[in-house]
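Next come two complexes, and both contain subunit A; in the first it sits with subunit B, in the second with subunit C.
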Partner chain A sequence: MVGREGNRNVVTAADLSARSLGIRIGMAATQAQALVAELVVQEADPDGDSASLDRLAVWALRYSPVAAADPPDGLVLDTTGADHLHGGEEAMLADIAGRLAAAGVRARLAISDTWGASYALARVSADERAIVPAGRTAELLAGAPISALRLDPDTVADLHKLGFDTDPRSRGGLASAVDVAVRPARLPPARSGVRQGGRTDRAVRPPDVVEVRRVFAEPIAAPETIHRYLGKLVVLLCAALEEGGLGARRLDLLFGRVDDRVWAVRVGTSTATRDVKRLTRLLGDKIETVEPGFGIETMRLAATLAEPLHPKQTISSLTEEPEADVAGLIDVLANRVGEDRVYRYAAVASDVPERAVARVAAAALASDDEWPAGWPRPARLLQPPEAIETLALLPDHPPVSFTWRGIRRRVKRADGPERVFGEWWKAAPELVAVRDYFRVEDDAGERFWIFRAGDGENAATGSQRWYLHGIFA
Partner chain B sequence: MQRSAVEDLRRRVERLAAPRRGREALPFGIEVIDRALPGGGLAVGALHEVAGDGAVHGAAAALFAAGVAARTRGKVLWCFTRADLFAPSLTQVGLSAARVIYVECGDDKTVLACFEEGLRHQGLGAVVAEVARLSMTASRRLQLAAETSGAIGIAIRRWRRQTEAADFGQPTAAVTRWRVTALPSAPLPVPGVGRARWQLELIRCRAGESADFVVEACDAKGRLHIPADVANRLLAPQARLATA
Partner chain C sequence: VSYFELQCTSHFSFLRGASSCEELFAHAATIGIAGLAIVDRNSLAGIVRAHEAAKVTGIRMIVGCRLDLVDGMSMLVYPTDRAAYARLCRLLSVGKKRGGKAKCVLEWLDVLEYGEGLIAVLVPDEADEICALRLKRLADGFGDRAYMALTLRRRPNDQLRIHDLSNMAARFRVPTVATNDVLFHEPHRRILQDVVTCIRNRTTIDDVGFRRERHADRYLKPPEEMGRLFPRNPEAVARTTEIAARCTFSIDELAYQYPEERTMPGLTPQQALEKLTWGGVKDRYPEGLPDEVKEKLDHELALIERLGYAPYFLTVNSIVRFARSREILCQGRGLPPTPRSAMSSALPRSIPSATTSCSSASSPRNAASRPTSTSTSSTNAGKR
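Right after this comes the complex of A and B.
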C-alpha cells in the first residue's frame, strides 16, 4: 500500500511477505520499489479503510453491545459480562480470530482491564492472542514501548528525543511533567453503531440497558410492517423505562438481517423522555434508511443512554398559558440535520463582535445574559470581515467612500467610532490591538458596519486597513 | 328579505372559504398598514413572503421578519443554509435570544422540510426560513401546514446572486408578499445616522390591494412606525376636510 504523506509517496502498509523482504512502513515508495523488483504496489484508500472498519465494528456487535472502530486499524469491544455467552474469554477470542481469519483478516487480539492496556498488548505482545487476568495489567505493561500508549506521533517523537523509550511510569522515579505529557492526547473514537454519538469511555450506561427485542418467525421487509412492529417495541420499551424511572436520551434500533448483517438506527433526544408518540416518530423517520435486504429476522430496541426521569408537577398559572414544549420538534429536526446544527445563540461577555455570540444546545436553559442594547448591531455579520478600499482621513474620520465587492459607495452619513479593544487575556498580540467601528450609510440608504484595524495613529495597534464586517437593515 | 338571504349566503361562503382557525391577525399597530390587510393585520396561521432589496444579503427582510416574530408568543424557529445572522441584532428588535431556535440546513430542500416541520408543530409563535426558490407546490404545502398550527410562517427570499431574484415574480400560495428596501435614514440635526427607514411594499395580498408605505424600522419591541413627516402628509388631507 502506498499513500501520500505530505508531498511524498510512502509505504503505508505492507503484508508479511513484503515485510520479510525488508520493506518497512514509512519507507519512501521509490526506495521500496528499488528494493524489491516485483513489488505489487496499490494506492491506499483511507476512506474505504475507515468505512470497512466501521462495518467490522457493527459486525463485532455480535460479541458485545459496545463495539467501536478505533481508527486507523483497531476495534474496541467492551466485553465485560459478554464473554460467558461465547464460552469464556479464551473461547471468545478464538472465535473472533477464527471468523476474522475466515474472512481474510489477520488480527491481533488482547483482553485486559482497560482499553489502553488492551491497545498496547494487541500491538506489542508476542502472542497473537493475549489475555491479562484482572489486576495484573500494570506488571504486563511495564516496559511497553511508548509508541503503544495511544499518544499522538509528535509526542512520541518528542519523548524519544528526551530519551524515553518505554513508559516512564513503569520505571519508578518519574517526573510529573512527563506524566502530563504522556496523557493520551488523541481523542478516543466514538462508540460505533452507525452514527457517532458519545464516547465509549464516557457513555453513561445504566447497570442494565433497557432493551426489548422481537424475533420474527418469518422475515419481514416491508416498511409498513417494520413500522408496525416498531410501534409495539416502543410501547414495550417505554413501559420498561417507566418501571425503572428512566427516560431515554439515546435509542439504538438494531435490525438483524437474514444475511447476518446488522443494520443499526440511532436517534438521540434533547431531553430524557419516555413518550411513546415522540419516540415512535423519531425512529419512524429513520425507517426509510433501512435496507431490509432479504428480510429482517430480529428487531432489537435498546435505550443505550438513559437518565432518571421522575414525574414532575407542572407549575400552573391561572393568568398565563404555559409555553408550549418544543423538545419534540427539536429532536425531529436534530435527527434530520444533525445534533450540532439545531442551536440557540447565547450572549458571551465580549466586546469583539464575533466572540459575543456562542452556540448553545437548543434545549439548554435560557440564561439571563443579554447583549448590551445601546450599541446598534448589524443584522448580517460577514465572517471573516471583507477587506474594502477606502478613502478616509486619519485618525478618526469615517471614510468618504469605499469600494466593496467591486461597487463604489459614497458615504452620506456616518456614526462612530466605536472602539473595540483586543482581549489581552486571550492572546498576547491583542494587548494593543484596536478596532474602530463606524456605522455608515451610502447614497441609496444602505447601511454598513465597517471597521479599521488599528487606531489610525500607531502602527502597533493594527494594519490600519479597512474591513466591512456587517450589514444593517 | 332578498337582501338578508344574500347576506346569509355571503356569510356561509365566508365560513367555507375561511381557514380552519378563523381569521386571526397580528396587527402592525399602524392604521394605514392594517387597513390594507384583510383582517386588520398579518394573518396568523398563514405563509408570508418577504424579500429585501439586497436580495443577496436580505438584512432588512430578516429584521422585518424578526420584528413580526418578536410580537408573537412562543418560541421562534429560524431555518437557513447560511449562518450569517447576527443574533444581537434580533435582540435589538425585541426577539430575545432565548426565544429563537436556529436550524442550519445543508440545502434548500432541507430548509423547506424543516420549515414545514416547524409550521406543523403546535405552539411556535413564528417560523422563519431563508429560501431561494419557492415553488407553488412547496408554498401550498407550507400554507396548509401553517393553517394546522396557527403559527405565522415567513419565507425570507434570499438568493445566491442578484440575477436569480427574478424568481420573485413567480406566483406562490403565500397570503402576502412584501418587499423591504432600505431608505436613507431620518436626517438628524447633528452628524450621524438616524433611525433606519424602509420602503415597505405590499406587492401581493390575498383579498386585498397592494400598497406602498414608508416606515421607520423596527424599534426595541419589534414595532414599525410611520415617520413624523410622512404621518403629517397622510393626515393633511383629512385635516383640510375637517376644517372645510
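Right after this comes the complex of A and C.
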C-alpha cells in the first residue's frame, strides 16, 4: 500500500512477504520499488479503511456492549462482564478469531486488564490469542518493545535514539527520566502505560437500537438505588419494545461513572421477551458486580439484540392446560452459570449410539427426530466403550461369557445381533465398518449392551474385538 | 438345501432397488440360489429383463409383484398361471388408473376381486393386532394360497419377533415362508441404496435420518446361510420351494394375441378366408383358374393356416372393403421387391399391401415378429 504523506509517496502497509523482502512502513515508494522489482503496489484508501474498521466495530458489539475502532488497524472491546455469554474469555476469543477468519481477516487477539496492555500484547505476543490473568499485566508487559506502546512513531524513534528498547518505566529507576522524555510528545501517560485508559468516548453504538437512558443530577452509588432506577428503565424499555413489536434477546446496561469510565452489564435471554419482571430480575442479579466508584451519572439500557415478538392469545383454562413456561428459569440459570452449561439432550436420527444424541440449547424447539420406540437402549452409555474378553461362536452368536473390569460373567440370555453400519458419508473407515450389538444378561440378572467391532465374517468390517458399551438399568 | 428368494426388489422399483435383474440373477447363480422372484412395488416392469437374465443364467424366475395397499398393508403376489397373471395385470391397471402418474391406489377389495389364482404372501411388521387383522383377512380371502413372510431384520428383539409372527401364523393356519427382502445383490450396494433413498426423499445424506432403510443385510444370501439364519423355522425355508413349484406361470406363455376378428358365423377365420378366396377367384378369373395360380394359392393358404394369420387377412379385407365402399383410394404399403402374391388378387377386389408381407412371410424364421408390425399399420390405414 502506498499513500501520500506530505508531498512524497510512502509505503503505508506491507504484507508478510513484502516485509520479509525488506520493505518497511514509512519507506519511500520509489525506494521500495527499486528494492523489489515485482512489487505489487496499491493505492492506499485511508478513509475506506477507517469506514470498514467502524463497521467491524459495530459487528464486534455482539461480543461486548462497548466496542470502538482503534485506527489504523485495531478494535478495542471492553468485555468486562460480557465474556460469560460466550463461554468464557478463551471461548470468546476463539469465536472471534474463527468468525474473522471465516470472513478472511487474520486477527491477533489479547485480553488483559487494560487497553494499553491488550494493545501491546495483540501486537507483540508470540501467541495469536493472549489472555492475561487479572493483576499480572505489569510483569507481562515488562519485556514489551517500545513500539508496542501506543506512542507516535517520532517518539518511538527518539526513545530508540536514547537507547530504550523496552518500556523503561517497568524498570523503576528510569521511570522519571522517561516521563520527561514522553510528556513533550503530547501523549498523556495514561494512554501508554499500565494505568487504566478510559477512552470509551469513541465507542460505537449499533444503529436502530432500542435504548432508554437516565441521567442523574446527583451521582448514585447504592445498589438499592441502582436497582430502583433499573426497574424504571426496564419499564421504559419494554414499552419501547412493545411499540416496535419486538422482544429482547440481549440487553446491555451501561453505567456511566463520574470518573468517565463505563461499566457494562450484559444479559441474554433464551427466547425473545419484553416481560418487565423477568428482565428486571435478570439485570438485578448482575447489579452486585457493578463497581460504582465515585458514583454513577448515567444509566443506559439497550436491547442490542431484538427479535419480532407478537402478542399471543392467552390460553383459556377451560379448554387447555397452559404449558409451564420455563424460559425465565433458563435465563436466570444461564446468566449465572453460563449459557453453555444450561442445555437439553435431543434425539438425532442416527443408528450409531454415540451419535444418536446431541446437546441443544435449553429453549430450542423440539425436533421431529425420535428414538425408535420399543428398541431397548441402555440407561448408561460408556464413553468410550470398554474392551472385554469373550468366548463367542462366529459369525453371529452372542458370547458364552465375557470378562469386564476383571470380573468374569457367564451369559444366561442374549438378544442380537443388532447390526449397525458405519455412516459411510462421515468418514472413509466407516464405509465398511460394522458393529454387531447384543443385549446380554448374566447370572446375577445384570444386563449389558456389548458389541463386536465387525460382522464376524469379513475382516475389513472391523477388528472383531468385543466391547462393552452400555449398562441397562 | 434348495432355496428360492421370493422377495427381490430390482431397480425397476424406481429409487428403491439398487441392483439390476442381470446382477441379481448372475449373483444368485454364483451362490447357488435355485430361483428368484422379482417383486417390484406395484409393478411388473422388471419381469421382462428378469426373464432374459433367467434364461442367460439358467436360474428359475418367478413372476411376482409387491402390492402396497392404501391401508398400509403390504403383500407379495405370485400368479400361478396365465389367467392369474392376466388378472394381476388388470389389477395393476385399475390401481394405476386411479392413482395417476407414478402412483398406484389399491384397496383390499380390489385385491380380492382380482385375486383368483394368485399366491399371496403377507409382509408383516410387528406381531401386533394390525398384523393379526391382516393375516385373518388374507387367510379368509386366499385360503390355501395365503402365506406369511418371515424376514430377519438384524434389529433388537429380532428372534422374538420371528417367534411371535410364526405363532400368530400358526393360529390362523397360515404357513410361513422365509424371505430376505433383497434390495441389492451384494453388500457393497448398500451405499448406492442410501443414495437413491435420499433422491427419493429429496434430501441429502446428512438429513435423511431414519428414512434410510433401517433393516440390515438386504443382499442375496446363499441357501445354507438362509438355513442357518432360520434354525427354528426350517419349514419356512423349505416352503420357498413349494411356492416356486406352485407358480407354474412363465413369461414364455405370453405370445402375441391378435384381436378377435369378426368372421362368418359358424366358420373359423381360416375357413372364412378360404371361402372368401375361392369366391374371389371366380370374379378375378371368370374364364377359369390357371393351374399355376391355384398351386400358389394352395401353398399360401397352407402357410397362413400354419402361422395362424387368417384373422389378419380378414381385417385387411374388411378395411379395403370399407374403403372401396366409400370410394377412398386404398393404397397399401409393402416390401417393394416381393413378388405380387396370388392372395392379393384372389381376395375380393384385391388387397394390395398386406398380402405382399404374407409372401415374404414364407420364410418362417422372421415370421414370428412380423404380424405385430403389420397389424399396427393396418389399423392406421383404417383410421385414414
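Just so it is clear, the second predicted complex is superposed on the first by the 239 of 473 C-alpha atoms of A that agree within 3 Å, B and C clash if a C-alpha of one lies under 4 Å from a C-alpha of the other, contacts with A are read in each partner's own complex, and residues count from 1 in each chain.
Basically, contacts are C-beta pairs under 8 Å (C-beta built on N, C-alpha and C of every residue); 3 or more make two chains touch, one makes a residue touch a chain.
Everything numeric in this text was worked out from a predicted model, so none of it was measured.
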item	value
Room on subunit A for both subunit B and subunit C (clash or fit)	fit
Which superposed partner A:Leu381 touches (first subunit B, second subunit C, both, neither)	first
Touching partner for A:Asp415 - first (subunit B), second (subunit C), both, neither	both
Contacts of A:Val332 with subunit B and subunit C, given as first, second, both or neither	first
First, second, both or neither for A:Ala473, with subunit B first and subunit C second	first
Subunit C versus subunit B, contacts on subunit A by residue	B
Subunit B versus subunit C as contact partner of A:Arg439, first or second or both or neither	both
First (subunit B), second (subunit C), both or neither touched by A:Asp351	second
Which superposed partner A:Glu430 touches (first subunit B, second subunit C, both, neither)	neither
Smallest separation of CA atoms, subunit C relative to subunit B, angstrom	8
Footprint overlap on subunit A, where subunit B in one structure and subunit C in the other make contact	376, 415, 439
Complex contact set, residues of subunit A against subunit C	348-351, 369, 372, 374-376, 415-421, 424-425, 431, 437, 439
Complex interface listing, subunit C residues touching subunit A	126, 154-160, 190-191, 194, 205-206, 208-210, 214, 216-217
Touching residues on subunit A, where the partner in the complex is subunit B	321, 323-326, 328-330, 332-333, 336-337, 341-347, 353, 356-357, 362, 366-367, 370-371, 373, 376-383, 412-415, 439-441, 443-447, 470-473
Interfacial residue positions of subunit B with respect to subunit A in the complex	52, 54, 57-64, 66, 73-75, 77, 84-92, 96-98, 100-106, 110, 113-114, 117-118, 121-124, 180-185, 188, 191-194, 196-198, 217, 220
